[in-house]
Structures are given as C-alpha cells and as structure tokens.
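To keep things simple, chains are lettered A, B, C and D as they appear, and every chain counts its residues starting from 1.
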Amino acid sequence: MFRKTDEVKVLRDPVHGYIHVDYDVIWKLINSKWFQRLRRIRQLGGAHMVYHTADHTRFSHSLGVYEIVRRMVTEVPDIAGALDEREKITVMAAGLLHDIGHGPYSHAFEVITKCPHETYTCMIIEQDPEIRGILEQTAEGLSKDVADVIRHESSNPILPQIVSAQLDADRMDYLLRDAYFTGTKYGEFDLERILRVLRVRDGRIVVKESGVYAVENYIMARYHMYWQVYYHPIARSYENLIVSLFARLRDLEHEGKLPETVPVFEPLLKGRQLTLEEYFVLDEYACSYAFEMLRKAEDPVVGDLASRLLDRRLFDYMEASEENIGKVTELLKKAGLDPAYYLARDGVRQKPYEPYSKDAGNAIWVRMHGGNILEISYASNIVYSLVNGPQISDDRVFFPGEITGRQSA
Amino acid sequence: MFRKTDEVKVLRDPVHGYIHVDYDVIWKLINSKWFQRLRRIRQLGGAHMVYHTADHTRFSHSLGVYEIVRRMVTEVPDIAGALDEREKITVMAAGLLHDIGHGPYSHAFEVITKCPHETYTCMIIEQDPEIRGILEQTAEGLSKDVADVIRHESSNPILPQIVSAQLDADRMDYLLRDAYFTGTKYGEFDLERILRVLRVRDGRIVVKESGVYAVENYIMARYHMYWQVYYHPIARSYENLIVSLFARLRDLEHEGKLPETVPVFEPLLKGRQLTLEEYFVLDEYACSYAFEMLRKAEDPVVGDLASRLLDRRLFDYMEASEENIGKVTELLKKAGLDPAYYLARDGVRQKPYEPYSKDAGNAIWVRMHGGNILEISYASNIVYSLVNGPQISDDRVFFPGEITGRQSA
Amino acid sequence: MFRKTDEVKVLRDPVHGYIHVDYDVIWKLINSKWFQRLRRIRQLGGAHMVYHTADHTRFSHSLGVYEIVRRMVTEVPDIAGALDEREKITVMAAGLLHDIGHGPYSHAFEVITKCPHETYTCMIIEQDPEIRGILEQTAEGLSKDVADVIRHESSNPILPQIVSAQLDADRMDYLLRDAYFTGTKYGEFDLERILRVLRVRDGRIVVKESGVYAVENYIMARYHMYWQVYYHPIARSYENLIVSLFARLRDLEHEGKLPETVPVFEPLLKGRQLTLEEYFVLDEYACSYAFEMLRKAEDPVVGDLASRLLDRRLFDYMEASEENIGKVTELLKKAGLDPAYYLARDGVRQKPYEPYSKDAGNAIWVRMHGGNILEISYASNIVYSLVNGPQISDDRVFFPGEITGRQSA
Amino acid sequence: MFRKTDEVKVLRDPVHGYIHVDYDVIWKLINSKWFQRLRRIRQLGGAHMVYHTADHTRFSHSLGVYEIVRRMVTEVPDIAGALDEREKITVMAAGLLHDIGHGPYSHAFEVITKCPHETYTCMIIEQDPEIRGILEQTAEGLSKDVADVIRHESSNPILPQIVSAQLDADRMDYLLRDAYFTGTKYGEFDLERILRVLRVRDGRIVVKESGVYAVENYIMARYHMYWQVYYHPIARSYENLIVSLFARLRDLEHEGKLPETVPVFEPLLKGRQLTLEEYFVLDEYACSYAFEMLRKAEDPVVGDLASRLLDRRLFDYMEASEENIGKVTELLKKAGLDPAYYLARDGVRQKPYEPYSKDAGNAIWVRMHGGNILEISYASNIVYSLVNGPQISDDRVFFPGEITGRQSA
C-alpha cells in the first residue's frame, strides 16, 4: 500500500554499516530542506572543544535513529508483529524527524530560546508545507501521528517507546555515534544483542532475562558518556560562554545598543518565539559567522566573549564552593570584569539510570524466565546498586583563568 | 634546549589513539587563532554530500599529520638519528601547519581564488604576528625554516619528504582519517608496519624490501580513496556548483549588480589577492551563511544555485561525450538556463601512483636485501603493472537533472 | 515445507557478528560428530608458526561460509529469486560441509594422503550414516545434491558458484577470518558492499559495474594474504617439516622399522586409502600427540623432526638457486644429514587473480551499465594490469639453519 | 649491561598490534621448549564450547602479558623510574612465564591435579634446565627473582603488583584477548588510558583521580566477562564433564580396571605429584587424543563421557535447588546412571571487585587531586555501590539432558 523506492537506497554509515531506505516517504523526508538543514547543526554542544573530531551532525544522528527504528520494526519479531504498516512508517518517520527542531549548540541553545526543541520539532512536522505535505500525501493524518510519537501521545504506546524511552533508538544511536566520533570507547555496547532480546508484553517493550547483561553494559556506557563527554567541564565551559554572550547581547538590546551586525539574532534577543523562517536560518554556521562579526563589536564584553568562542580561549573552572565563588567574584572585580557575564555556575548530576516515574516508557522492564516482568533494578543487582547508591554530581564555577594567573582551559 | 610542556599533553584521536604534545612551541601553535580557525574548514570538499558523516576538519587532520611526523622523528631510528632537535621541531611544526592556509571547500576554493593554499600557508607562517612570533621566540629563523619545508626548499631534504612526498605524513593521515570518517574501508592500510620499515639512505627515506607489501597496500588504498571518495561524481557535482555560483557572482560584480549581502566575498569577487585578515574570515561557516543570504538574492541564478547547495539539490551528471554535451546544451536552452552556470564539465584522471619526476621526494624508494635502491615500480610487480597499465579517467558533464525529467543526484 | 528451528539460533562470531541458524537440518548437521571434529582441525597449516594467534579452526570457518551463503540466498534479491527452498537448503548445507573432509595441517596433509580433501568431503556427505541420515531425512536425494555442489556438478550452476568460484562464500570467509585471527589487515575487504552488488544474469552470478572497486579491493586482499600469510616462508617451512617427517616414517615402514607408538598413522604410512573411521581420528590433536611420542623414537631423524615441529625449531630457507641448493647439499653431507629429509625445495607462484579457464564459475563477471557482461579484467584497468603483468613466484630451499651456523628460523 | 637482540623483534598480535622484544633473554625464553608448549594449551577452559572462535592459547596470552609489562616498565614514567634494569627484566620475564605451569583446560585441571598451576610455574622457572639456564646465564639469581614475583615475595613490592594484582598486566591482557577471540564486546576497556594514569606512590601503584572512569570501565568489563564467558553454564558444563571423566578413571584405577590406552594419565590417576617430564606432555592435544581412545573403552561411563566431550553432547543444567537435585537424582536412578559421574553441582559467585584483603596488591588505589590515596571504592560512587551491593551467585546442577526428555545443551 505504501510506496516503495525503486530499489533499496543505502547510505554508508560508519556506525551502522549502511542506512537502508525503502519507503518513498522516508526518502522524500531526507531530501527535504529542513532535514538537510540538520547538516548544519552539530550533534554535540561544546564537546568538540574537548574531542577535536566530534563534528558529527544531527543529520547523521537522525539517519542513525531512523535506521535503528527500521531494524526494530522489521527485525524484532515481536515488534514487527505488534505494528501495522502505517504504524511502522509513522515510527520510522518519527525517528528520522525527532530532532528536526533542534537548534545550534545542542541544549545550550534551549536555555537561550527558553523553548525545548521538541516544540519546534512538532511545529515543523505539522506546519512546514514541505514536511507536512510529504507526510499527508503519504497518508491522511500522518503528520499528526508522527508528531504524536514525539509528544508521547500515540494511541499505540509502543511507538514512543521505540523512539524515546530509556532503551530507545535515540539513545542507542547517540551513544554509539558519539563514542565513534569522539574516539572514546565508553559509549560502546552491544546493539545487536539488545535487538535480539527485545520482546513485547502487554503493550510494552521488555527485555528477556538473558539480555540483562547487555542492558547493564548499555546503562554503564550511558553513565560514562555523560561524565566523560556530555558533562565534561570544558564542554560546559564552552556552552556557558555562549549563554553569557547571549545574556550580554540581550542586555544590550534592552538598552538599545545591539550591534548592527547580527540580524539573525534579533528576534531571539527580543525574546519572542521565532517563526519557523527565522528559526530555520539559525544554524551553527550562521551563529559562527555572527560571532566572527561580533568579534569586532564596540562593546568590549561582546567582542571578548565572541573571540573566546572562536579562538577557544575558554573559561577555566573550579569546584563551586562558596569559598571559591567568593574568591572568583573578588578577583573579577579587581580585574574590572562583570560577574554577570564572566562568572557562570553550573551543576550537573546524573544517575546511571533513573527508573521511577509515572509512565512505563520511563523504565526498562525485564521479562524473567518465569514469565513475570520486573523493572530492571529488581532484575539486576548491579543496577540495583547503582540506583540505590549515592548520586554523583559536579558543581563548578567558570571564569576567565587569567584573573588567577593561570592559563585558560 | 627547547622548552617542554609540564607533562605530555594528549588529545584523544580516533585515528591515532592519542595526539601527544611535549614541546611548548607545538602547544602554543595549536592554541593560536589561525590554527583554531581550521576547526571551521572541513577536510573534504564535497564528499560530505556523499558520505554523510564526513564532517571532519582540517584541524583534526593537521593534528594527525603532526602526530605521524612526531612518531617518525622519534620512533623510526634512522630518521631520529638523521635529524637534530631543531630539525625535529621544524618538521613537526611544518606537519602541524602545512594546511593552515587552506580555504573552505578544499580544492574547489583554489579554483576560485586562483591561488594554491600553500601560498597562504607560507604567508601565515612567515607573516602572521602570532604564528611567526611563537616560532621566532622558540628559535631565530624558525618561521622561515618551517615555511621552507612547505616550499620543499629545506637544506635537509629529508624534512619535506617527511611531510609531503609520496609516502608521507600528510597522505598517510588523510587516507586513514577520511576512511574513518566516511566509513569506507578502502583507505585503511598498515601504518604501524610502514613506520617499522622506513630507513634513511643517502639523505633519502626508503622502505626495506620486506615492507613492499605494506606499500602496495597503501598505494591501492590511495587509488581506491580517489575514486570512491575524492573523485566521487556527487562530490564533484557539489564542488562544481560552488564554482558556478562564484562565476555568476563575479559576473554580477563586473556588471555592478552584486547583491548587498555578501561583504565577505567582495575582495574575492573583485579578483584581488586577499589580505590575511580578509582570508581569515572566509571559513566554511561564513560561506554557508553567505549562501543562506544569497538564497533570497534578486538574481535568479544566484538564488537557485545557493539554494541547491544548502538543500542538496545537486547537479546530475553523465559521461562527457560530445553527444551528451550537445544534448544537455540543447535542453538547457529549452529550459532557459544559461550553460555558463548550469553546465559544468569536469575530467579527473589518476594513476594509483606516479613515480617519474624530477626530485627524489616524488617517488617511493625500496632498499633491496642486497643493498641497492630501486624505485618501487621496479621492486614490486604489482606496482609495475599499475604504473605501466592504462590510465583511468572519468570525464563528466554536470547539469540540473530536471531538464531531462530525472531527479537530481 | 522444510522444518525450522523453534526460534532462530545464533552463534556469536567475531567476523560476522552472529551466525544465524533457522533450519533444523543445519542445526543437526552442526551438532554431528564429523562437524564437531572440525574443532580439532586448524584453518591454516603452518601459519600459526608465524602469526601466534592463528589457531582458529575449520569449524568456525565452516560456520562462516554457511553464514555468507545464507545471506546470499536470502539478502541478495536476484539469488533469492533464482533458487527454490530446496536449492537454498542444498547450498547452505554445502557451504557448511564443504571442508568436512579436511585433514590436519591444511594442504600439507593432502600431499601425504595424496588425496584431495574434497574426495573425503563427498564420501562423508554421501556415506557417513549420521550426516547422510540427517540430509536424507530432510529430503530424499539431498545428500547427493549437496555433494554435487562440492563436485561442481549441480544441475543449477549457480549453486557451486555461491560456494566455490572466484568470488564465493568460501574465499570471502577465509580472507576475513584469517585476517582477523592473524591480526593482519591485508585480508579485509568490504563484504557488505559485495553482497549489495551481486546480480544473476543468464544463470551466472555477476557484479554490477559500480561494484568493481569493491572487487578490485577483494582481489588485492587475496593477493596480499597469499604472500603475507599462506605462502609465508615460515609457514611453508613448518609444512615441509611435516612432509619430511612422514617421508621418513614411510621409508621406515617400508624397511619394517616403524616405531610402535603411532597406530593412528599406520594405515596412512602403508599407503592405502583410509576408511572414514581411520580418517576421523586423524585430527591435529592426534597428530600432535603422535609427534610427542615420536620425539623419543629410536630413529634419530624421526626424533629430531618431531621435536622440531613441537618446539618450533623450523628449517631455515634461502632462494632456491642451483648454487644455493648445491651449497646446502654439501653442508648437509658434512653434517651427516640426509638431504632426503633435511632439504626441501618448494616453489609457489600466484597471480592476484586468474580469469582464463573452462567454466564460467572460474572468472568474475561484471554487468556494465550498458547491459553487456565482461570478464573483470576487461572491466577494470587495475585487474587488467595485474592479469597481464609479470607473475610473482617464490622458490625456496629449506634446511636446518645450524649447518650454516645461523640460527633456526 | 643486559644483552639486547640485534634489532627489535616484533610479533604481530591483534590485541596489541605488535609484541616487541629487545632483550636477548626474553627472546630465548620465548623459544624454549616449555614456552612453546603453551601453544598446546588453550587460554580458556570450556568457553570454546560456547564461543566457537575461542581457541586462543596461553602462548599468545603470555606474550600479551609480557607486552603490557614491557610497556608499563618503559612507558609509564613513574614505574620506569622506580625500577632498575635488572628489576625490569625480572618483571618482564615473570609476565612472560607467569602461566608456564598451566595445564590443559584451565582451572578444571587444577581440580584434578589438586595442585595450583603456580606451583608448577615456579618449579619450571627454578628447575627446568633450559629455562633456569637462560635466566641464570643472564644474571645470577634471576630464576629465583622471577619465581619470587609469581610467589608475591619480591623484595620490591611493585614487581608482583605489575604482573598480578587487581589492575595488572595479566588481567588486562586476558580481558582484552578473551573479548577479541570470543567476539564479545564486554571485555573491552581503555588500556591506553589506564597506562597513562598509573603512578607510583609509597612503593605502590596507584591511579590518578582523573583515571577513575577508566578503572570503573575496566571493573565492569571484568564483571561482565565473568558472567558472559568464564562462568557461562555451558563452559562449566564442559569442565564438569572433564572432572567427571577423571573421577571415573580414578575410581577404575583404584579398582585396577584402568583402560590400557591412557599411559599419559597414569601418574595423574595414581594421585601422585607429576614430574616435570610427565607434566610436560599433558597438553590439550594429548588429552584430546586420550579422550578419542577412551571413546572405545570397555567401561560404558568412560566411553560415554569421552564421546560427550569430543562430540559436544554436554550436560544440561538447572538451578541447584534441593528440589531440582532430588528430581535429577531420581531420574538418573531410573535411567540407570550413577550420580557420582552424571550429576555435578557447581556454584560460582563473583563481585565485580573485591577490595578488602591483607596486602596492598589486592586493592586498587587512587591518588586524589588533593594528594591523599583512597581505595577505589571510596573514590568512586559506582564502585562503592557495587562493593556494598548484593553479591551475585549462580548455583547449578548439571546432568544429561536426555533423562528429562530435553535435548543436550
């Protein structure tokens, strides 16, 4: 019923070998303007400042998520059997498009727009004439169905579990992909094994008991990637610099002193929700160019922060104790630097895995040999220990290293 | 004598494991503004349009070349013994900086600037206050020495052979790196083995006879990377689009009709050699932003070509027979499209290895068990066959696929 | 119609990820006594004397060949379409069993038995009660059909092409597997790509023109594996030692002086064709134990050669010039060693690929874009050069290094 | 002072790239008869019954341990600085020889000999004329020094910590090697990173705080390898079969009914400590041949158990509850099978890491940024959770599956 491509299209991918496309609708979505824009958004925010090869994009990640979803709905017998063709297409499209509303610099930008990227994602799916058109021409109502997967409002609860839960195509792709492109080994886990142990029970994706080791491995991979890559202080330092620069620009805008050179930022700085057109051009290429222009801004704070971003003269950091914060504030004053822009405090905390939450999609479930289904922390002593052990956190204060006489990070 | 870093600095790299830095001068060069700019220049021109993960940069490639040079001058006993400390630093710096003058979109941009990137590289090394300063503070005359390696004018002929010859750090890094980031296996060869079989004889780097297989493998890797990646028609299609867009812009400039929005391109379009300052800002981020602005240009050719670049609606291609060119020209006329911008002809040809040339640096030499030294095509039947076999070429004509009713590439 | 296993059985394999078994007949064959015996036969003859990790077995190789066949008959649409279910099972079983008649020490043993392993393979398939029983219970006549694939006498000529031709499951598995277990990179090629470009035309497996690069790569991989692994002089030295030991034992047998300790070798040394029962026990474990016993044999030649095999004191080697052979013969006489056992001459020669032969199965065919089918040396300049270039050979004389005062190899 | 090889000898190894040998004494030890014997002892006991490619040997593992030790004593500045040349050679030799006394089938054989392999290891090092000779000719007293490392009695406590502690060359090699040859990913961890974070403080090897993640990863790798490979029930089933077969043989020996065919086993079955000569021939090849002979033994239990080992008809298994054991015993009686040989009970338990013990070598120590040294469970919340969480155990009863009507494992 749904139109296939003439022959299976394949895109070479180092993580998955190949991305396979056999539905026409998927091929058209890939070739759409908004999807191609993801080539201009890096997958990771500041991590490429730590891992110099981490320049991979949301474009390749989105293809990877699609590919894992495709394999789940065709190669996992229980899932293949639980969905009809329309649902399979819906969830493959949702996997492909789940990040289409992502802005530059990963989650740093959400702090600035004060709007989660999922909001833009759904707007684009349901309102962009091209994307919406491709979906609706394929099947009436498909654009809403796809957006419903993103919003976790699907009538079939398995669909959002496939794309975004605790053991889902999104996470599985990004761990493997980020490990590959940073060159760390921490994110590696056994995807083939996990796909083999997935089952469906009572409208819920579960893992066979014999797959518990593979899941423990995955949980540890995730945990280590958080601390070694996503929460690396240098990555956070970079992201804090971006936030500081925008804070300064917004303050200048309020004072009517915004530099002329940044038309792309204007709607953002005025604090209004961006139209899709305005949002479209806000990719990392535009931002980088804007920073280059701002380098020569009259305002010394703007010029300094923009140069730091481009030339990688990042803020240094310390543990965020009251004492340290006091000391830094003092030194900044002496150096004539405004702590509003030159001091950032940022705490992150993460457990390897957080099971307790309202909906089934937010835990990993295990089907025991005997048949009953347990939340994984009851099926795995390792996970139990991790869930009930102390939480790990990392609170830091960021500031220009020069004020202490030390080199920048 | 030369200052070392406090402890060995390491940068994680998926190709080499780690990049090791132990000289202060190298660390400072890495942190310089011009070197950091290489983060904004992709390693490959249009190949990321074929291989969606090929977003790696000249920054990581340059670090990789440096690392191979470092290993050659420390781990290969013959080379370590043939160079003094200053020469080692010279050649490590040259490896690091060899691409510092590279513009956006790889060699496509050299067609537009009509200036090989090596010219800018030497200018930056010898004239940029920061880079030159770092080098001269390390040792008087070092900036000229480093530039001399790039220019193949070193007093010690081994230095340029290390960085850029037929079996050199530059080629060895890019083959491995491009293979890794495209996900192809063609570029893989046995770097460890090659490093182990290098020797120095009569001021020339040679390979032990037992290393011939490893070199054959390397030559084949190079050959396959050319045809599968560097010369892939879709990559060339993208690069031709860029050349067409600039051709149109230059023509508009001559007519005084240049769109307002592209100040960064102005010096380029006026056909004058760019100052280092002007050249500095011309990274791929600036270009991409400029294309985004040009999308809405009044001139329909500019708008169309810019959109095609951003949305990946590339030119289709055929064999460049007279017949095909005639047919395409005809169809373009019917469609009202100017062949000056909508038809590109582009021929590439490559032998796996080309030995004959003036200087020793342009061949691979083998020391036979008996002691005599042969050019590799006389030491390897395989290479002999390749060198004396027919040359492979690929001539194509590129054009908008729509005129033939086919989809774009 | 053909019985499936309860669920897909999977065996983890580093080369293929997993081996997948879904037909009951395949599962039963794997669990048969003769197939399990392959665990006691190494894949490579003497190469583990060069590459200390090359202890992989015919058991894992046979599973790998089966897996590639399985993928060819299910994932390559043209092949899947050209065969019925019985033919698919026939060729999968043939892939699995193609080496079941292999004796110890790879091809060295065939020199001793004077009987190619294919003869035993067909005997086992058609006569062993267990194997024959499993096949005939699955479908009448299946054991003959399977053996016919081995004998290249199938009614459908595609079947033997899948298992054993120039681009077949056997070669593809062993190149990848031997590369993995020796730790060399030479044998790697892009299996996924090759599977994607296979087609069937006129009852013949062909390769799409766009797959020529992948095939060139495969041909080079094969060529390099021959010279770096299979024909490595140290591997040949080991194999020649085995042949020498058996020559001595046979001579002793003729003289009625065979040591008591080797009942397993008796039928072999008497020069008669072994029964399947006698052949069954002749695995590498039995041979190694017999060598251990022979270490203490009264006959000094036997004792010395057996000790050399076990303690890896292999023969040294030189180019097999008349002069060298003369010199070695002279030195052996002086040392009181009989050249009949202490001098081995052994020449190997190989082209990367040999196209010309009687049947279609012995060449690689390419379907050009235009539709016509060419033998690959006419479709690839590289292959043309290799086929028409000089042949590479390596003739050596092997002897105990001590006689020259040099250390053993 | 200590003699070097002419040039660095290298052995290709898939885990480490190359094994590098530059001391003459190491090269001679590798070429000794006892060391070459390790080619005939697999690294893993029964795991090759689960992972069909796990045929790697103690020979390659021993080379790998040596290589890691070599890197530790040359590339880790603190360790290189803490040892003199003789100590470095001592510990490299100890790494190489640490398993030289290993018998067949890993630890299963120790159950039979009732003698830990370390006892034989020290005997061989101190008493075998060849090994002892090589060591003593290198330096007087060296054989005792090497054996002292194995016995954890070195005067310098760092030496045994390098070879065998909680984060040592032995464990690091076997995790990586077993992961590679089984094809599982669980055993992978970041060896390069760990080598980079090692330090020496107060005569103790410690890890820099920034290396804690790498160590957590290593601990998890170890944990998963235990449960997925070393303690896999099928591997244990195979090992239990060996123990049962020997139990039966010993009982027959007591009754004076030992089959004639197994002279190699005799000293073992008579329960006396084996001489080195007797022990030498007891490799896996001899055992396998002996099993083949025993297949036809008059005693039906011996014949059956031997056939099961060779043909992989292993015992099935269940949880070792009292109820299950009762049921199995009952069924065995009905089937006329003696539980003494046909029922095995086997419990394993493991924590990912066990810190508390008498000596420093049995914990992993972390040097915190501030300078103080903590046992890792106090430096890592993850490890703390694991150490203080519930212990994981697995108790099984093994028996012939036929008695329950189920297939064998």
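The working rule: a contact is a pair of C-beta atoms (placed from the backbone, for glycine too) under 8 Å apart; a residue touches a chain by one contact, two chains touch by 3 or more.
Remember, predicted model here, so these are calculated numbers, not experimental data.
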| item | value |
| --- | --- |
| Pair of chains joined by more contacts [C-beta pairs], B-C or A-C | B-C |
| Chain whose mean Cα position lies farthest from chain C | A |
| CA centroid of chain A to CA centroid of chain B, Å | 32 |
| Averaged-CA centre spacing for the pair chain C and chain A, given as whole angstrom | 49 |
| Chain centre separation (chain B, chain C; CA means) in Å | 43 |
| Where chain D touches two or more other chains at once, by residue number | 17, 184 |
| Touching residues (chain side chain D, partner chain A) in the complex | 184-186, 188-190, 213, 216-217, 220, 223-224, 227-228, 352, 381-382, 384-386, 388-392 |
| Chain D residues within the chain C interface of the complex | 11-15, 17, 31, 33, 36-37, 39-40, 48, 51-53, 55-57, 59-60, 63, 180-184, 281, 283-286, 288-290, 292, 310-312 |
| Interfacial residue positions of chain C with respect to chain A in the complex | 10, 17-18, 192, 196 |
